[in-house]
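Naming follows writing order (A, B, C and D), and every chain is counted from residue 1.
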Amino acid sequence: MEEKMGWWNTEIIGVKPNKIMIRGYQVQDLMGRVSYGEMLYLMIMGRLPPESAGKLIEAVLVAACDQGVVSPAITATRMAATCGVTFNCAIATGMNMLGKIHGGPIEEAMEIFYEIVDRAEKEGKPIKEIAHEICTKYKEQKKFIPGYGHPVHKEDPRTTRLWAMAEKAKEKGEISGKYVETADSVYQCMKEITGRHLTINIDASAAAILCELGIPPETGPGFICLSRGLGLTAHAYEELQSGKRMKASMPSDLLSEHMTYSGPSERELPPERKDLP
Amino acid sequence: MEEKMGWWNTEIIGVKPNKIMIRGYQVQDLMGRVSYGEMLYLMIMGRLPPESAGKLIEAVLVAACDQGVVSPAITATRMAATCGVTFNCAIATGMNMLGKIHGGPIEEAMEIFYEIVDRAEKEGKPIKEIAHEICTKYKEQKKFIPGYGHPVHKEDPRTTRLWAMAEKAKEKGEISGKYVETADSVYQCMKEITGRHLTINIDASAAAILCELGIPPETGPGFICLSRGLGLTAHAYEELQSGKRMKASMPSDLLSEHMTYSGPSERELPPERKDLP
Amino acid sequence: MEEKMGWWNTEIIGVKPNKIMIRGYQVQDLMGRVSYGEMLYLMIMGRLPPESAGKLIEAVLVAACDQGVVSPAITATRMAATCGVTFNCAIATGMNMLGKIHGGPIEEAMEIFYEIVDRAEKEGKPIKEIAHEICTKYKEQKKFIPGYGHPVHKEDPRTTRLWAMAEKAKEKGEISGKYVETADSVYQCMKEITGRHLTINIDASAAAILCELGIPPETGPGFICLSRGLGLTAHAYEELQSGKRMKASMPSDLLSEHMTYSGPSERELPPERKDLP
Amino acid sequence: MEEKMGWWNTEIIGVKPNKIMIRGYQVQDLMGRVSYGEMLYLMIMGRLPPESAGKLIEAVLVAACDQGVVSPAITATRMAATCGVTFNCAIATGMNMLGKIHGGPIEEAMEIFYEIVDRAEKEGKPIKEIAHEICTKYKEQKKFIPGYGHPVHKEDPRTTRLWAMAEKAKEKGEISGKYVETADSVYQCMKEITGRHLTINIDASAAAILCELGIPPETGPGFICLSRGLGLTAHAYEELQSGKRMKASMPSDLLSEHMTYSGPSERELPPERKDLP
């Protein structure tokens, strides 16, 4: 590229009068011809996705769209919708919570899966062997492997469905299947090491699918934001219709019971302050 | 419904062990079978969309995904990505800016279009007549009709494409076409009243398409958030790769020039304060 | 000012090597010599505050710093602190909720009080008369006067204290006392009109004090943000120490009970979709 | 404490009808009798601050209140103020950017200073010796010591003033002075190791002062948020008065020049997509 690069130079979008080019394509050519999931791939990766990638991405986006009010992000957005902010702010409030622990684990899971396959290939070892090594290290450091275990689901129906879709894509030669294998290996290794069944939850299965497509781990949380954004939008609207004002986290009787105070007993300011006018 | 409604009661999602139901459908049934755009419709409206609605919605979501760095939201997200926050927070920072003026005009445009068609039907008058009345009122009050006019595009290629897609959907009887007609009427009326060509921009054309599908105006900004979320994700990632730290709004030489100061000249505190230790 | 104004021109701050000037004062001269409350006045108003203004402002900032977990902002920040975001993001999440209904009513209250005093002076009528007119209008339109009524406090101890401090400042001639009189008049008028005791809550009393100091209404919510920021900081830290991860709005047993579902019963996709691979 | 602890149990605040207790003190007793800085100490630490702590804290809060538009947070808030969001959201938008790199370095600086003094005491070695060890380690790992170096200020006037205030507090026996000594030692060591003068900037000097007062490092970014919140409030208001709509990061002529595009040249969709209706 010969053109001088400006401060806001980008490889994503070029805008001229009557022309909006995204990754080289005119936006009107893309409309109606690439799906939302394909557009996400195009914008991040700079090229149109291979066959079936769009469908897998949209399956991931549909999968993680909502988990109900066990999600702090969903409840925060619903509460925000009753506080007199604009609709986008209510959505952004919940999205701002999807950090390293809530939504963000996908990034670390992707990094682990990429590392395992990468090392397996470089060291010429089976995936299972490297997975075992990594799991042992996590266990020793008393760290969780992100994406494993679930407080409610013994088997996560979203993982089951993603695995089935991945199987078909693998049969057609559209993905390698190595990352799904890796995610399964990690499950097996954790079971062998801890003796416990740790559900492969949506964070891990979504991570494996995105790895199959070569998506960079840093953007994993972006997929979660856009996925959960579906839920945040619907919940913000539903709550808005309730007409409530400043909705609290619990109904007032329960709240009274749960806003206990364990600080110091009532006390007076020291005399030199108390006598200030 | 006989069940007692809880504080966080919702019509959107029900979660049980190993089962996640959204609007009555099990999430794994939806994955791979409804697109992102259809899912958005389902979550907001409570039912699967009619034929072609999903495609129109995804066209809208693709259309408004990015406008480059003329968008304060895009630049804010890019700057946030260099400030040491988690990826989701960088996205939420930009999304938080898509308020009544930047992204939000779609809501008011939808309200106007719904009002025009509603009145035309109730009063048995042509759409054009009501549109003229509304435009005259806005003109008199020196208010802008949201969605009309563009600083760069004489003709917005996104509107042209949406109109073509809408035409096909109308031919197939999937939409009525009344709201596209309304958006065009408003353009004509504004031209007659002001003598100026005011480009039907993406805010107005997206608004018309969502009205064709019966989407509530309050959720319009949600569509913009999820659409622009594509751009925010891609831009956050691109900026992250630059390795910049605390990226400013301009390169430092320009910034020095533009951070002029027009406040009071240098001055000293009054003596009684200046002598404080 | 002769200097050309740049894009980011400001009357607030000028920065040169080794010199930071705020409203004309060097920052190191201000440090230790103006209080936080006085600094807030200086930055917004462009001049040092009159005697006692700093103390009144800090009293307002201390007054509204926390209301416990009845505040959606406080609970959202506490939940965010358990979600793996940076500390500032946890604070910003709660602050983002202090909108027109939660924290923001101070702005409308200030506008009403300024309008009443302004009209009383222009029309040469007593404050009480104009107040009665305004209250009647609100009552007729079935709107709330912001700042009146409280779900818990019959008498708001913060108002009582602010009134006492204002009384002393008035005696010394530092404030006029007209806005406190106005706030009281509105209370009286509402009582006469509705027959109900509507506690003068902190939104109204803080608004009256800020009006006494000539603060612009638009910035009222900024005072609330900086005040509540004290609580958000302390609560984010306390929750962070709990070590909880993804803290929900209720303990899990209660949550299960309260996340009821009132949407459609379980249903299957229509056959043409269900059979998609 | 015998009382059963609820889900939202806190040691910070207890609310009863007509009574708001913060850390055991009734809020109306605190109003007008503790400053904003003292209140921040009380809320975080659970006790009233020792003599002079409030003044030192307010000096820190005044010091870091603004750095003009070199701060991405300040420009983001100013842009947000022109996008049609509520005032609090404009402030929260900028605050959301004060992450690990922009505002957040204070936390890591506090951790380093606490570690140095702690080890010096435990190992019975001089502060300088431990500081040298730490600086060498950072140098070897090619990491920056947070709080040292400044693009504009050779000497940071805010540090000079904080050091002078700390000196007085030390003379009066109100602080130990060990953390100021540590911050100075780190400066000396970095100079010896790198041969470069690295300005002790406000992040490091504010960190040292907060360490002198025993403030937990995790809350350091909270002090920066509340400090910069002064600037965000003033800048949001100033920009709001400009009447601008969707203010961009640069004036339009410069923006056109700087929004260069370095992505792929204009291209067409592959035929199988291009022919989609």
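Methods note: a contact is a pair of C-beta atoms (placed from the backbone, for glycine too) under 8 Å apart; a residue touches a chain by one contact, two chains touch by 3 or more.
Owing to the predicted nature of the structure, the values given are computational and were not obtained by experimental measurement.
Q: Taking each chain's centre as the mean of its C-alpha atoms, give the chain farthest from chain A.
A: Chain centre farthest from chain A's centre: C.
Q: What is the distance, in whole Å, between the centres of chain C and chain D, each centre taken as the mean of its C-alpha atoms?
A: 22
Q: Calculate how many whole Å lie between the centre of chain A and the centre of chain D, each centre taken as the average of the chain's C-alpha atoms.
A: Centre-to-centre distance between chain A and chain D: 28 Å.
Q: Could you put a whole-Å number on the gap between the CA centroids of chain B and chain D?
A: 33
Q: Which residue numbers or ranges of chain C touch two or more of the other chains?
A: If we look for residues of chain C contacting two or more partner chains, we find 7-8, 10-15, 26, 30, 32, 34, 68-70, 75, 84-86, 88-89, 92-93, 96-100, 103-104, 165, 249-251, 254-255, 258-259, 277.
Q: Chain contact topology under the given definition, line, ring, star, complete or other?
A: complete
Q: Under the touch definition given earlier, write down the residues of chain D that touch chain A in their complex.
A: Residues in contact with chain A: 1, 3-15, 21, 23-26, 29-30, 32-34, 46, 48, 84-86, 88-89, 96, 249-250, 255, 257-270, 273-274, 276-277.
Q: Okay, in this complex, where on chain C does chain D touch?
A: Counting only chain C, the residues touching chain D are 7-8, 10-20, 22, 26-28, 30-32, 34-37, 39-40, 43-44, 55, 58-59, 61-63, 65-70, 75, 78, 86-89, 91-93, 95-100, 103-104, 107, 152-158, 160-162, 165, 216, 218-219, 221-226, 229-238, 240, 250-251, 254.
Q: Touching chain D in the complex: which residues of chain B?
A: Result: residues 68-73, 75-76, 79-80, 82-85, 89, 92-93, 96-104, 151, 165, 168, 245-252, 254-255, 258-259, 277 of chain B touch chain D.
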